[in-house]
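Next up: the structures, one after another.
Shared chain: chain A. Partners: chain B in the first complex, chain C in the second.
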Partner chain A sequence: MKLLPFIICLGFSLAACEREKRDFRTAPVSEESQEKTALVSLSPGSSPPEQEVSGKARSFEGNAYHLSQGKRLYAWFNCNGCHANGGGDSGPPLMDDRWIYGSSLENIVQTIREGRPNGMPSFRGKLPDDQIWELAVYVRSMSGLEPKAAAPSRNDDMHPLPSENRMPPSSPVPGGSASPSATAPQ
Partner chain B sequence: MRLRIVSIASLVPLAGCKGWQSALDTHGPGATSLEKLFWIFLFILTVVWILTMLGLLVALRARRDAATDPLAVDATRERTMTRTVATLVGLTAVTVLALTGFSYAYQKRLFDRTENVLTIKVTGHQWWWQVDYEDEQPNRTFTTANEIHIPVGEPVRLKLEASDVIHSFWVPSLMGKMDNIPGRQNVIELQADREGVYRGQCAEFCGWQHAHMAMLIVAKPKAEFENWKNQQIASASPPSDDAQKRGEQVFFTSPCVMCHSVRGTSAGGRVGPDLTHVGSRLTLAAGTLQNTRGNLAAWIVDPQRIKPGTNMPLMQINPQDLDLLVSYLEGLK
Partner chain C sequence: MCRFVGLIFGVTFALSGLITSATAQTAQPAPPVAAAPSEDGQWVMPTKNFAGTRYSELSEINTDNVKNLQVAFTFSTGVNKGQESSPIVVGSTMYILSPYPNILYALDLSRPGAPLKWQYNPKPDSAAQGVACCDVVNRGPTFANGRIYFTTLDANVVAVNADTGEEVWKTKIGDINKGETMTMAPLVAKDKVVVGISGGEYGVRGWIEALDAASGKSVWKAYSTGPDQDVKIGSAFKAFYDSEKGKDLGVTTWPPDAWQQGGGTVWGFITYDPDLNLIFYGPGNPGPWNPNQRPGDNKWTNGVFARNLDTGEAHWFYQWNPHDLFDWDGINENVLLDLDWKGQRRKVLVHPDRNGLLYVVDRTTGEVLSASFYHAVNAHQGVDLATGRIKINQDKYPLQNKVIRDICPTAPGAKDWSPSAFSNKTGYLYIPHNNLCMDWESVEPNYVAGTPYIGAEVRMIPGPGGHMGEFSAWDIVAGKEVWTIKERFPAWGGAMATAGDVVFYGTMEGWFKAVHARTGEVLWQFKTDSGIIGQPTTYRGPDGKQYVAIISGVGGWAGAIVSNDLDPRDGTAAKGFVNAMRDLKNVTTKGGTLYVFKLP
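Up next, the complex of A and B:
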């Protein structure tokens, strides 16, 4: 009888195995998963826009290893040169709840892979696919869209903003939302 | 039979006492004073050990007379016992104090600071060393990797930093060990008294490829060192033949430029080692491979097989392009 709660607790600890799971040999640069995402929530007819995703997101969402790796790549590949530490500079802020091109992981992956017309460069063929996913999942954690238990915690240097695991969650935006320039009176 | 195997096996580690990476084959003041300290400790502690063992043996051998009453008190015997114990306690205190004194005297040298010396910043990354030579004139500073050239017989100041996790910089033949800690800078001096190539290794577990994170120290006469320095300060030599020219094209259209710098060109990545003079280095990938054409090609084709987990990704490069790329990189002397 006394053993039962103990075994149950031990069982819970298995959940932690998922938190750091990773592949030790990733696909080379130039191989990529197929994602078909929608950038607007509008579509002809009554059904929502058609989307088709590869399901690769599952192994990245809520994974502490990929998230912290993404944080490192964010500085390595100079994302902070345009987006600062998430607050935005010449590129839009990434820590807020406005998403020009959608907040789902696939949408962000496509943003990084393909680039976006108003100045976001394309990283296709420059980074291995897994690194793009890592960057994307880290971008999500900047606005609190990733679980607290997995998001990166403190920085080694000065903190320009609360750490990612303390960001208030922004409301998820399906598809895309209109960019500020699009909503302004023409 | 078994004894013979054991005794032979126990001699094998002695091979570690000589060579380019040994704390017992020293060629610099820091390491030499540590080596002396080692021998002093070894001597004193061996004497202490032998005396203790002798005492134990005597105690085991001593036979007590069965007839005497164990509770009887013999005043003279008591007195000698008290004296003996007091003397031994005194001797222990003196030994401990002496050892502490020696440690202080010899280790103090490791923290000597000389003014106006060559200063080099060494940054530990997972899993390689970035080496920045400082100079008063900004146009005479330069960056290289995994290989530190120094003038022989002169102290050189190292500023140790880290970008990700704690690493530790240790060249056993030349210096004491010092950690590279993210967010702070540690300073240590190093000097080689004899020309030669010394090997050092990261001495703080830092992840998967910790074992493949070595560096070389090349000590040479001042004049040769200055030549080397001038050659390193120069920008990359432009490609000389057709293969190298086409190799340069491949380099600039591949992901390489995301991570590597070649000074004098538009490649300015800061994630991996500076490749401006990669052709002039002795090893590749932090002492993992000899720098040969074959190894260079093998590394570019599949770094993840040679150093699994390293931060250089797998890229698909077709064989012709690889050949050109290697020609280009080899030419970066």
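Up next, the complex of A and C:
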């Protein structure tokens, strides 16, 4: 009988392992996953744009560990300075449904790595590949695109917006705000 | 007939005699003549004159007829971002400058509808938008020596031929990879163009630089932090107060090396006294915002410098907010006036600071003559005039990882950049300002060049009374308010005063208002297509009539919720301003239109 609690605990911990499968040896800074993603849904001919992804996204999506790491990195690398806690500042909001450069995990990884013309810095070489993926998956959780069970919950400190695990999923709308350079005359 | 004229002469003579003798006892404050020459019907720099009074002697539009003002013509800047700029007028041409991408337009006032003469596009680097803290604004072009001078967001200074629109020179003097941008209007005096750098939210080490107006080559550059040599503090420097005396205070009042990312950026309006040959400007907040990271006075941020125009040598400095706690940039305008103070005529500068105090400072020495509250606050108890130091309320001192609630005023202060105007006629200062409070939590920031360096979570709320803006007339000598108009949103644009006793300003809802200079009665208002955060100007057109101009288009820090499409669910968006401005989206949309008014 004394074994029962032990077995229950074992069961729980095994279940936990199931939820949190991840690589403990992360890729070095120089290594870069190759994602062939498109920025638009439009492509000449009748078929949609050709895309070929590495599949790396599967080990990050819905993963509580990576999501919480992403949240920490989001503040460490001053993403919050330009995007606030998701509502935006000099950079566009990340908690809304509008995506200028795509909402797929691969798109967001590209955004962080390559930078974007209207002032999103390129973080290539400044962050290991896996951390870029962690940031990207966290960015998705800001607009409710990651499962509630895995997304971070409320902060210990100032609580200015609904926590990530309480964000209603907002289905992504392509486009977003047109950049001033695109709308300016000449 | 002749007798009659003689009689009038006699009376006028007697009257003027009376006025002069009255003046001798208690003359009104007035700008020094050399810094505010007599009216020529033009408006050649955003501040109107070197004294920064934003006052025009034109009086065709007056308190009786202003109600008849109507639109003369409009023009789209083509850019729907915050329009903090001012339309300027030289001869029969008006020049307007858009926010990023900083397009300069020349409009021909001598033809019906003021058609476009030419446009000049400096094509700034689009990446600069990322490091613009508070929308991609620009605060105006300046005319001198047949040229228009202005700054671009990617830190270029440009000189353009005012007749043809041809580029004369373009000099890049800042680096966006360090977070450096430019938003200010240059001061052009004698043969120098003086500009400063923005980026106090990115750990930029602030500086001011003078370029040769003819060639764009650097003449001198002075930093706001670091060793005396870099700050151009030498033998000419005589500080009034003890806390500004000592060697290399720009290093020793910081933790080791913190001055290198120490802020003190320069982006407000510079005023200039030709008699003293001194320029006056305020370095901005120290970086990062989080004060726990930088024990010490953090010299020479958040104060006012008097420097020699030709050499850049500092003459004196006074620190409004030593060891700034709340991002209270010292950049607000310093209006140059001469006034009677305790029986003596003094050369002063008048400065409404973010901390809610209106300072009257002797501009020859840096002595504070008075510092009175133009807006009630709870973060401090005013200035100890013996030491010149502000008395901080310890309850509101930010502590790491603790949310301090209800700090008044906020980070943008009781008043931000929004320039006030001084009327030679009433002797009052007209101050657009804010009524906001905030919750503040200091958090530890990491310095990563080219990204923000702030370290604070902020959430703003409307101040007592629920309104967020005020527009006040202020009696400088008495140190008290004459009248105040309450506004729903912060009064984020500038003020302009005229000899017709009409004062102009705009609201973030889009109303352009003309109010009575003595009573504050709203005499006329016009609803423009977007919120107003710009600087009104007035001029005499080629037809001899008086015109009033304003660029409408909401944005800036306060209006970023609209101009940058921010998400109102996050109260910390736009560094906490969105929390207070949630309703703005329901009231106005983006815009960028010049409106010019005249009497029928």
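In this section, the second predicted complex is superposed on the first by the 154 of 186 C-alpha atoms of A that agree within 3 Å, B and C clash if a C-alpha of one lies under 4 Å from a C-alpha of the other, contacts with A are read in each partner's own complex, and residues count from 1 in each chain.
To be clear about the criterion, a contact is a pair of C-beta atoms (placed from the backbone, for glycine too) under 8 Å apart; a residue touches a chain by one contact, two chains touch by 3 or more.
A quick note: this is a predicted structure, and the numbers were derived from the prediction, not measured.
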**Request:** Based on the superposed arrangement, let me know which partner A:G62 touches: chain B (first), chain C (second), both, or neither?
**Result:** neither
**Asked** Who does A:P152 touch here: chain B (first), chain C (second), both, or neither?
**Response** neither
**Message:** Taking the superposition on A as described, I'd like to know which of chain B and chain C A:G144 touches: first, second, both or neither.
**Reply:** neither
**Message:** Which chain, chain B or chain C, ends up touching more residues of chain A in the combined arrangement?
**Reply:** C
**Message:** Contact-wise, after the overlay, does A:R72 reach chain B, chain C, both or neither (first, second, both, neither)?
**Reply:** first
**Prompt:** Is A:Q131 touching the first partner chain B, the second partner chain C, both, or neither of them?
**Reply:** first
**Item:** Which of chain B and chain C A:D96 touches, first, second, both or neither
**Value:** second
**Request:** For chain A, give the residues common to its interface with chain B and its interface with chain C.
**Result:** 76-77, 157
**Request:** Would you tell me which residues of chain A are touching chain C in their complex?
**Result:** 75-78, 80-82, 84-93, 95-96, 98, 115, 117-121, 157-158, 160-162, 176-177, 179-181, 183-186
**Request:** Would you pull the chain A residues touching chain B in the complex into a rising list?
**Result:** 24-31, 72, 76-77, 125-128, 131, 156-157
**Message:** With touch defined as at the start, can you tell me which chain B residues reach chain A in the complex?
**Reply:** 164, 182-183, 255, 258-259, 270-271, 304, 308-309, 313-316
**Parts of chain C lying in touch with chain A, wherever the complex brings them together** = 78-81, 98-101, 103, 119, 121, 126-133, 136, 201, 401, 403, 439, 441, 443, 445-446, 448, 450-454, 457, 459, 560, 564-575, 578-579
